[in-house]
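You will see subunit A twice below: alongside subunit B first, and alongside subunit C after that.
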Partner chain A sequence: MTNSIQELQDADLVFVIGSNMTEAHPIVSYYVKRAAKKGATVIVNDPRRTDLCRWASHYVQLASGSDIAYINGLINEIFKNGWADEEFLKEHTENPDEIRAWVQDYPVERASEICGVPVEQMKEIARLLGTSKSASVCYTLGITEHICGTDNVKTLANLQMVLGNLGKRSAGLNPLRGQNNVQGACDMGALPNVFHNYQSVTDPNAVAKMEQAWGVSGLSDRAGYKMPTMLRKARDGGTKILYCIGDNTVQSEPNIAHTIKELEALELFIVVDIFPNLTTPYAHVVFPDYSWGEEEGTFTNTERRVNRVRAALKAPGGARPSWWVLQELGKRLGFDLGFTSAKAVYEDMRRTATSYAGITYERLDVAGLQWPCPTLEHPGTRFLHKDGNFSRGKGLFSKTDWVPPAEVVDEEYPLVLSTGRRLWHYHTGTQTRNSVGLETLFPEELIEMNPADAEPLGIKSGDMVRATSRRGEVMLRAWVNERSNPGLCWMAFHFAEACGNQLTIDAFDPVTETAEYKVCAIRVEKVADAEVPMKGLCRQARP
Partner chain B sequence: MSDCLILDGEAVTFQPGQTVLEVARQNGIKIPALCYHRKTGPAGRCRVCVVEVEGQAGLPTSCNLMAKDGMVVHTCTERVLEVRRSVVNLMLANGEHNCISCEQNGRCELQDAAYQLGIEIPAFTITGPKAEIDDSSEMVVLDRRKCIQCGRCIAACNNVVVNEVLGMGQRGFESKIVCDLDRPMADSTCVQCGECVQICPVGALIEKKAVGKGRSWEMDTVDTTCPYCGVGCQMTLHVDTDANRIVRVTGREVEPNDGMLCVKGRFGYEFPSSPNRLTQPLIRKNGELEPVSWEEALDFTAERIAKIVKEHGPDVFSAFGSGRITNENNYAIAKFTRAVIKTNNVDHCART
Partner chain C sequence: MAMTDIKSILDMAIGREEEAFRFYADVADRMTNPAVKEIFGQLSQDELGHKTFLQAALKDDQIIAKLPVPADYKVAEATEEPALSIDMKPADALALAMKREQESAEFYRGLAQSASDATLGAMFENLALMELGHKTRLEHMFVDIGYPEVF
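The block that comes next holds the complex of A and B.
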């Protein structure tokens, strides 16, 4: 996030796109709802009528995978009516004339045809954005989990730069990161192209710096493979060893059947985890890990705030922390990594990470700190790009064009499936389904369907159905409601027994290799009438 | 220059916009206030926080009395204490407050007020309609017998987390906290975030799963960060160290969550203690994963890695860090991959 979570409650306008925040980020939604109560304009843009719509002033129901056309149409309209922040464009961006020209291809009429949003509504949304004092854009995986995910994000950045909504309070471009430490994993260099603190592995200076700091020679200066490539290469022998910590790969990657074939091709598959899951059966070695609650350390949240995590429980006797296992393996492979405690690992990282240099365990005992925090006296950074000063100098607009999703519906597979997360569960369910009561609140996966699609198939809530894509099938019960667009079905990936990833497509964004979890084509057939009435399962529906 | 008022004979300064209650608390003066909470603001309902102000008729409630320059305030005159005693006595009489078995015992604001005012046995007996307990929901018990109708939970549900479920139903003696239009909590639109539990001053809203699992003062407390989404809510774990289990979770009133949590953060805490945990290293032997010692598992793994990397080069090694593990463990796997194996094939689920 360029800005901080609490700033959202003071926003004039919150533009939410591809984010089901009341379920996936409830605390963020509390602040957005507060803003709505104080009179802020809240615009929810989503193929699904998410719960936040109850508080929103506007709901824009756009077609899955049409974001670029929609946003470019809005930018076109903003320029056309003179609502762009010309001063910001002149002072803080490099190529304002280019964006002006690019969006000429997206008059609202054409955009409307692609995204399915009425022209009048598009004009209204553009006016609200263009005339608002400031606007905060919040997005989640509804934006990134597409084959055009990178361009989706760039288009939103274009929008905010055109409106001059960066570098100030209660504005900005705010991705809500899905997991407790996905920000931290990036910061720590668990990425193939950068060391920790985003130091490029292809920069000879960074390589030399890390060789010296770590006391090694011969660090690779070629970017490594991204996750889908690592897995794909398993099948042709390019990947022989996979060391996997805290990642239930089988259940969380798209196209489960395909993922299993990839893992089966490995010569050595090492899994470090806290529970047996769908992935452990394919391992050659399993190391029992420490869990949250047993381990010391830090997480970095979506607003770049580094927070302490502390041990409250004794871990099971046979478990060991991940860093300890790596230290022991390093020793056996002839290298002392110097990992003697979680704090020692952190300090090893901190001495070569300028953004984290001022953040120590001692300071975190008082309160969390937001990076960049370069010195021990630095108070941390609430929002990035203050006064429009970007890290690269001036903001650069990128050209983006709408492309259809990788798989579109046809006669055989006439419905779109989108996937996501439910309030009551988290990811592959290993944590929430091993906690008391959450399973009772939401005990099984349900496929959500619009009545317009369900009725012709004779499907009503609670009926057992079979959902089939070109990659697999799942049997589960239907939940007929009006949250989804007609033509759109939805399910989560929390339940191993009926997991959306049996169906999802392994098509990826070419830059980030993020999979298109949000669009694939399926068909749904009724198998049996409901045995158990649906009462009690619809708590989150709120039609 | 900030303004000044006289508080129990002492001149104290304050910032414009502060209430007398805030100024008093800032200066270490304890005034019980059962309906006021920083997050829900002044309500002026419970009338326990009354004070005496020179030149002002009656006893105003300090939670919604703005401090004024030159004001002379007395917080513990006999007149003030007598009113507070009456109010607390009425609250005690108007419910079934049984500290012996109450979950809130030791952290109850009504109990504390009664203690401060020296009330041993309630002075009155009131026979009102029988209040009901709503224990229909999975996580929260609403025990209306102990409710003092301060309204904090309603304000929190509607204005703090804005889930807009709780309200005050009926009138007069029949008044009660209701979910939606008086439905059992389990059948209401409640999302079980538990903000009402955290903000309730008494034992009327409690965590169902914590009942009978230990007194608040017996618990060790550990501050940590929520393990679920990317918001990074700050929380306190209340731990029964002997039993090695988390008994309850409360939100910390700091950034980013200001005490608020969601159903997963507040109630999804048992997984570390699950009997399903992996508890020993396993190696595949003859097609089956079999338990082995750490020595054997580490030796086997290191030898296999060394052999395969020697034969095929470092780039056949790949590693996944994770968006769920700590920064330390992500750094550890990144450093291991780069410094020990000499490849940059390390990634994690940020792409997915």
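The block that comes next holds the complex of A and C.
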């Protein structure tokens, strides 16, 4: 995030796109609700009417996978009406004339045809954005989980630069990172091409720095594979060993049947996790891990805030911290990392990570700190790009063009399936489905369908249906409601027995290799009438 | 006597600002990245502003004493000085500038410690604080762009 979470409550306008934040990021949504209560304009843009719409002043129901056309149409309208921040464009961007020309291809009428948002509504949204003093954009996986996810993000960056909404309090571009520590995992270099602190493994200076710090030589200067490539290469022997920590790969990757074949092709598959799950049966070795309540360390949240985590419980049986398991493996492979605690691991990272250099366990005992925090005297950084300054100098607009999703509907598969998260369960349910309380609140997956699609098929809420894509099928009950557009179905991937990823397509963004979880083509057939009253289920499904 | 010595101190300080102006203006001319060229150009103008301030202090040296005491986050001290090159990145340009302000502050602080006269010592200390203020401002700018999340 370029802003801090709390700043959202002071925005004049919050533009939420592709983010079901009340269910997936409930703490962040709290601050957006506060903004709404204080009179802010809150615009929710989503193919599905999420719960945040109850707080929003405007709801825009755009078609799945049409974000680039929609946003470019808004930018076009903003320029057309003189609402662009010309001073920001002149002083802080490199190629404002190019973006002005590029969006000419997206007159609001054409954009409307692609995204399905009425022309008049698009004009109104453009006016609200163009005339607000500070607008904060929040987005999540509804933007990134497309084959054009990278371009989706670039388009939002274009929008905020055109409006001059960067480098200001309560006005920025805010991806809400998943889970509690995705930001921290990236900061620590759990990526194929960087050491911790985003130091490139292909930079000879960074490699030399790490070799000196760790007292080793010969560190690889080649970027590794991203996860889809790792798995794909298992089939041709390019990946022989996979070491997997806390990831239920089978259930979370798209196209489960395909993923299983890839894992089965590995010579050695090691899993480190806290419970058996859909993935562990394919592992040759499973190491029991500490859970979040049992380990020491730090988490870094979406606003770059590093928080101290303390063990509240003693881990059961032979479970060990994941750093300890790695260290023991290292010893057996002939290299002792020499760590004695999570703090020792952290300190090893801190001495070579300048943005974390000022963040010590002792300071974290008082309060969380936001990086960059390069010295012990530094207070941390609440928001980035103050006064419109960027790392590369001036902001660079990127040309983005709408492309249709990898799989579009046809006669055989006439409905779009989009997937996501529910409040009551977390990711693949490895933890939450072992919680009796949560399992009681939401015990089974439901496929959400618009009445316009369900009624012709004779489907009503509670009926058992079969959803089929070119990759697999699932049996589950239907929940007929008007949350989604006609033509759009929706389900989550928390439940192994009816998992959306049996159906999703293994088509990926070419840059990030993020799968297009948000769009695939399916058909739905009724299997049996409802046996359980649907009223209760509806109540439980809504947060 | 004190005023005469204060004047000579301020003259020296003005000379240092002029030298810094020429340095940044010269460097700005050579840069290939327009954004870096702009940063150095702005830095050269900043030095002219500092010179004007010190010229005003020749008439009323108390204006230096009235400068607020800046926070010192010691970012410059923790940052390696980048080599000057025509293809520097914006963050490197700021790092170079904040290192120079650090050196200036240390220069005046050293003179303050060795000053035999309390009035002169106070003037050197105030000049050190002024340079520290410049360093802190540049550190803010550096921290804002110096740690990109690029992967």
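Please note the rule applied: the second predicted complex is superposed on the first by the 538 of 543 C-alpha atoms of A that agree within 3 Å, B and C clash if a C-alpha of one lies under 4 Å from a C-alpha of the other, contacts with A are read in each partner's own complex, and residues count from 1 in each chain.
One rule holds in what follows: a residue touches a chain if its C-beta (ideal position, glycine included) is under 8 Å from a C-beta of that chain, and two chains touch if they have at least 3 such contacts.
Just so we're clear, the structure is a prediction, and the values are computed from it rather than from any experiment.
**Student:** Decide which partner touches more residues of subunit A, taking subunit B and subunit C as the two options.
**Tutor:** Partner touching more subunit A residues in the overlay: B.
**Student:** With the two complexes superposed on chain A, say which partner A:Lys394 touches: subunit B (first), subunit C (second), both, or neither.
**Tutor:** Second partner only.
**Student:** Quick one: is A:Gly116 in contact with subunit B, with subunit C, with both, or with neither? Answer first, second, both or neither.
**Tutor:** So A:Gly116 meets neither subunit B nor subunit C here.
**Student:** Identify the partner contact of A:Pro288: answer first if only subunit B is touched, second if only subunit C is, both if each is, neither if none is.
**Tutor:** Touch status of A:Pro288: first partner only.
**Student:** Figure out whether A:Gly65 sits in contact with subunit B (first) or subunit C (second), or with both, or with neither.
**Tutor:** It touches nothing on subunit B or subunit C.
**Student:** Using the touch definition from the top, say if A:Gly73 reaches subunit B (first), subunit C (second), both or neither.
**Tutor:** The answer is neither, since A:Gly73 touches no partner chain.
**Student:** So, does A:Thr354 touch the first partner subunit B, the second partner subunit C, both, or neither?
**Tutor:** So A:Thr354 only meets subunit C here.
**Student:** Looking at A:Val309 after the superposition, I want to know if it touches subunit B, subunit C, both of them or none. Which is it: first, second, both, neither?
**Tutor:** first
**Student:** Tell me the contact category for A:Asn193 with respect to subunit B and subunit C: first, second, both or neither.
**Tutor:** Both: A:Asn193 reaches subunit B and subunit C.
**Student:** Can you list the residues of subunit A that meet both subunit B and subunit C?
**Tutor:** 186, 191, 193
**Student:** Can you list the subunit C residues touching subunit A in their complex?
**Tutor:** It comes out as residues 33-36, 38-39, 71-75, 77-79, 89-91, 140-141, 143-151.
**Student:** For a test of understanding, state which residues of subunit B touch subunit A in their complex under the given definition.
**Tutor:** 138-139, 159-162, 186-187, 189-193, 209, 220, 222-234, 237, 239, 244-246, 254-258, 260-264, 267-274, 276-284, 289, 294, 297-306, 308-309, 312, 314-352
**Student:** With touch defined as at the start, can you tell me which subunit A residues reach subunit C in the complex?
**Tutor:** 94, 186, 191, 193-194, 197-198, 200, 354-355, 357, 371-372, 374-379, 381, 384-387, 389-394
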